[in-house]
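Starting off with a structure, shown below.
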Amino acid sequence: MSLAASSGPPSRRHSRLTRLTRSMGLVIGLAVVVLMIVAALVAPWIAPFDPDDQDVLLILSAPDATHWFGTDAFGRDVLSRVLWGARVSLYVGFVATALGIVIGSAIGIVAGFYGGLIDRAVSASTDILLSFPQLIMGLLLVAVLGASLTNLIIAIAITAVPAFIRMARSSALAMRERDFIDACRVLGYSDLRIMAVHILPNSLDELVVMASLWMASAIRTESTLAFIGLSVPPPTATWGGIVREGFDNLLDAPWLALFPSLAILIVMIGLNMVGDGLRDATDPRAAT
Amino acid sequence: MNAPLIVDGVTTSIRLDGQRHDVVRDISFQVAARETLALVGESGCGKSMTALSIMGLLPAGIASVSAGKIIVDGIDMVAADETVRESVRGNRIGMIFQEPMTSLNPVLPIGFQVGEALMQHQGLSRSAARAKALDLLEHVRIPSAARRLDDYPHQFSGGMRQRVMIALALACGPKVLIADEPTTALDVTIQRQVLALLADLQAREGLAVLLITHNLGVVASVADRVMVMYGGDVVESADVKDFFARPTHPYSVALLAAMPRIDATEGPQPIPGQVPSLDAMPSGCRFQSRCHLRQDVCSTLPPLKPVAGNPGHQVRCWMRGDT
Amino acid sequence: MTRAPLLDIRDLRKTYRVKHGWPIARTSHVRALDGISLSVMPGEVLGVVGESGCGKSTLARVALRLQPADGGDVRFDGVNVLAASRSELRQLRRRMQMIFQDPSSSLDGRQRIIEALGEPLRVHGLASGASLRPTVARLLDEVGLPASALDRYPHEFSGGQRQRIGIARALALGPDLIFADEPVSALDVSVQAQILQLLGTIRATRNLALVFISHDLAVVRAFCQRVVVMYLGRIVESGDVGEVFSAPKHPYTQLLKASSPEPNPAKKIALSFQEGEPPSPLNPPTGCHFHPRCPLAVDRCRQEAPVLRMVAGQGAVACHLTETG
Amino acid sequence: MLKFALKRLLLAIPTLWAVLTIVFVLIRIVPGDPTIVILGDQASEQARADLREKLGLAKSIFSQYIDFMWQIAHGDLGRSLATNRPIMSDVLSVLPYTLELTLASLIVGTVIGVPLGVLAAEKRDGFADWFARVFSLAGLSFPAFVSGILLLIVFSLKLRWFPVISSANLVDPIERLRALVLPALNLGLLMVAYVTRVTRSGMLKALGEDYIRTARSKGLPSRIVVWRHAFRNALVPVVTVVGLYLGVLIGNAVLTEIVFNRPGIGKLIVTALNQRDYTLLQGLMVVTAFAVVLANILTDLTYGLVDPRVKTE
């Protein structure tokens, strides 16, 4: 990335302070995300109540010392439900993004590297898939497949694949313009080696940045689908689902929607900060 | 009458990681009307920084002129504020750049780009500027210029774009032209055309030309005087004939020997080592790390002094020149 | 001829399809190589000279099978390169290598030097494990870099040093022939001379053959034995470097020489204003491609493409005017 | 220009065809028998066969496909399974609401996003830049339903500036505009974030180009250098992004419509999903696909206007 370091005019430098705040963003973002993941993992131990435990005497009670986030329309503890909901949201976001990145970058690199007919076919199909708004596509897929955890992951992964294909492809195409790929071919390396040892690692920066941004996007899609009522069926707690219940009781109990909304928001901001921070750290041009 | 371009004791510094480095040290010269002064050296010698200092186009916040005076057509560019400098740039002094491919704005028609300075400095209307732009494009011999006024840069070849750049730089009839590696990106047959065009325009308009190049062949062909730079210092300054007849600074000699020649029977002789990086510049003469004449005295910076009693031929070396 | 050429190229053709126009693209054809024939003897340095767009880089890429040819024949030491099978090609790779113009783009920025130079050795089974490091260190030594360079990344080196690494990589497999595509064009004059000297030494000690592609007549003059001059996909003149450049016979070679400035005020290029640009390769002129810029062109030049013919001495020229005279 | 437009429209046909085919296939692979969905599992075999006949499900899949395409070619989206009304008229009655929402948020996004992005790039690392970064980070992080709910809580429930139910009175133009404010802001927020980012990075790239140095060497004041020379070039990626995110906008319009209880395509989609009204869903997908393809065409045409290299290449 810093290949041009030794020659050319000096590029614009940042003050130490600017650089520090930039990397601070990355650190804070990472901290937020890691904290959320840990909270989700240990939810069974730290959640004060059973998330599905109903208490008819405590319907829609406002936040207090025992129920920090209040209770919902069934008298369930909202804090516990938000903690358990993190498990679904983060799991779906992580697995769907991982699937998307693996499938997408494999197809994209192959298409970009070989070009020609394969590339044209792949590009045409990604263009078509991308012409459905991501959310509508997810909606349709879940509606068709039926709402379950696996189907949710599949649906979101399918919406992610074309985006990763496009990115990996353009990255491979850009790399093919550079002489070192030709050098590899002249040295008699196999195509597989060139793609795996030379193109993939050089695309990794961009892929990681995009993965963090896409994980945010995947979590958003999951919670959105849950909000519409197309996620893991109740009573399983999901963030979007809790927001939906809160939305239906917005006039009586605004806190019900507020806390899970904040949870979603914090994870989104955390992941986006990680993505931006990584982009700044890996791409000197975007950082300027 | 004063020369259109006077550079007097200019030092240009950049800041890297909080440290100041002088990339041009105490450079002085004048360029008279109809004269071509060539500033020669390899990458990083400070020749382009000198040009940007004169234009007042140094990257803000990173590089700045830290000492000296630059007088363009009577106006001191260092002391002046930005509004004054804007009124000088493109008006009394024009500049053409190395990369004709990227130096023109891809989304504006070339006729507009050529005429833009006229609207800015002479208050011409759009249509008047357009008419003048046509004249200018014909002047630089763009074939069927009238048809091409509304074309965009990508529709021109590299050589034609460089002509457009020349028309653009000369639009307001400046007294001084800075040409920063104007033909480096061009093929030799095109280079010859562009150099011929420049020489022709210079003679007609009485321009003072500061030519910045790494190519001693180009220098021999078009320059009147030459200044060789190394590591931000002027190491030799002479009339072109004197320079090629009697190159004196060890760097000048080595540079000439390193150039391959069509008529030579011997191969080019390399200069050992490489230009030290900014933070590793030796104190005193900056060429000492690659010089076969190096003595202890070289760790103090030698002054420019005449060669063979000729005040027009100066060299910065303890081992050479008159004592 | 008593010896067989190491590389023999016959009537090589390559046409690019260029799409342009929007939103529906039209296809045009660019003949980057329009029937190129040349040969290189073992240990010989052949210069290929011409201006941008003349097809000189394509020549190397097609001959190395980085791009498919559209016609013609490339033989390396008797083996048909264009028809070589995967395993034959793998063997050929060890003997034909390439040096690139831009040393920063031809190295993988994520590989340390030991990896960049060790990888070809491992892939071809020439060295591995404990023998890898000393072998790579020897290569570095051959190109004048210290063994301390082994564990560093390309961006830690200057342009000239990176080009040395590029040369070492090309040497790793012990080739007999190297295509050098503008190997010194991106470098400063003083470093350029260093690299030329290094290439000269290596060529002599390894008895390498080189195809040296350059736009710079003086560099070709200094480094090559024979030269071919290309213009818009065709060879217009070839011969001994000294002969071709001291007395060029083709009007294009003459123009090239007259346009190449020499560091000598006594030999300054004549700044006579000769109009004319190289025509677009998309739409080359009929007959001799050079005729629109040729001061000597006659009707025949506009209609009929001249063929490359032997002339007195060793050279060959593709010009109607030299045929009759 | 007209020639481009026609050519581009022709180019869109294969894309549209492929998209419609996907819609058709997806709707056909819905598990379960639609007749049971509609009539319930107590229905007689005869009633179900009749319905199947009526819905065209008795035909082969291939002739269903032909029918589907034929109908669309004639602007007919079929009838709703649930209400038996023509889908086209349902769509047309709510389409203006979705269009006005999308358009309003597009305007919000451009009017705020472009100047903010330019300012941020011009004063890099300054306050404007910091503000733009934080603002766009927030914009990208809010799921549309979360921001919608927060807007509702603050402006409708607490401050009572705007109606909670945006569809209460849509006949009076003033009321209609008032009802549009919060939804348009909600949807526009996302657009502002995208537009600011891409404007900023486009401007930064443009400001570093050689032609900016040329412009400055002419002695142009920085205002002209920034807007005439840099911004004209930064516009190219901005147009691309605006076009690309029209799709995202359409997706988020669904949510905004639900949260603010506005009539529109989005609400219709949710209704279709809840009622398992697959013909309605199919029709809505077709409409969405048309909208996105149309948006892409418009983007490409704008591209030709903004970047001369596109049309004169």
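The first chain written gets the first letter, and so on, giving A, B, C and D; residue counts start at 1 in each chain.
Simple rule for what comes next: a contact is a pair of C-beta atoms (placed from the backbone, for glycine too) under 8 Å apart; a residue touches a chain by one contact, two chains touch by 3 or more.
Note that the structure is predicted; figures quoted are calculated from it, not measured.
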Fewest touching-chain hops separating subunit A from subunit D: 1
B-C or A-C, whichever has more C-beta pairs in contact: B-C
Approximate Å spacing (C-alpha centroids) for the pair subunit B, subunit C: 32
Where subunit A and subunit C are represented by their mean Cα positions, the distance between them in whole Å: 48
Gap in Å, rounded to a whole number, between the CA centres of subunit B and subunit A: 52
Multi-chain contact residues (two or more partners), subunit B: 43
Shared interface positions of subunit C, touching two or more other chains: 158
Residues within subunit A bordering two or more other chains: 6-7
Of all residues in subunit D, those that touch subunit A in their complex: 15, 18-19, 22, 26-27, 29-31, 124-125, 133, 137-138, 140-146, 149-150, 152-153, 157, 201, 204-205, 208, 247-252, 254-255, 258-259, 269-270, 273-274, 281, 285, 288-289, 292-293, 296
Interfacial residue positions of subunit C with respect to subunit B in the complex: 51-52, 158, 160, 188-194, 196-197, 200, 215-219, 221-223, 245-246, 255-265, 267-269, 271-275, 277-278
Contact footprint of subunit C on subunit A as seen in their complex: 1-7, 178-180, 182-189, 193, 197-198, 201-202
Subunit C contact footprint on subunit B (complex, rising order): 42-43, 141, 157, 159-160, 187-193, 195-197, 199-200, 214-222, 240-241, 244, 254-256, 258-264, 267-272, 274-275
Complex contact set, residues of subunit A against subunit D: 14-15, 18, 124, 127-128, 130-136, 139-141, 143-144, 146, 216, 220, 223-224, 227-230, 240, 243, 246-247, 250-251, 254, 257-258, 261, 264-265, 268-269, 272-273, 276, 285-286, 288
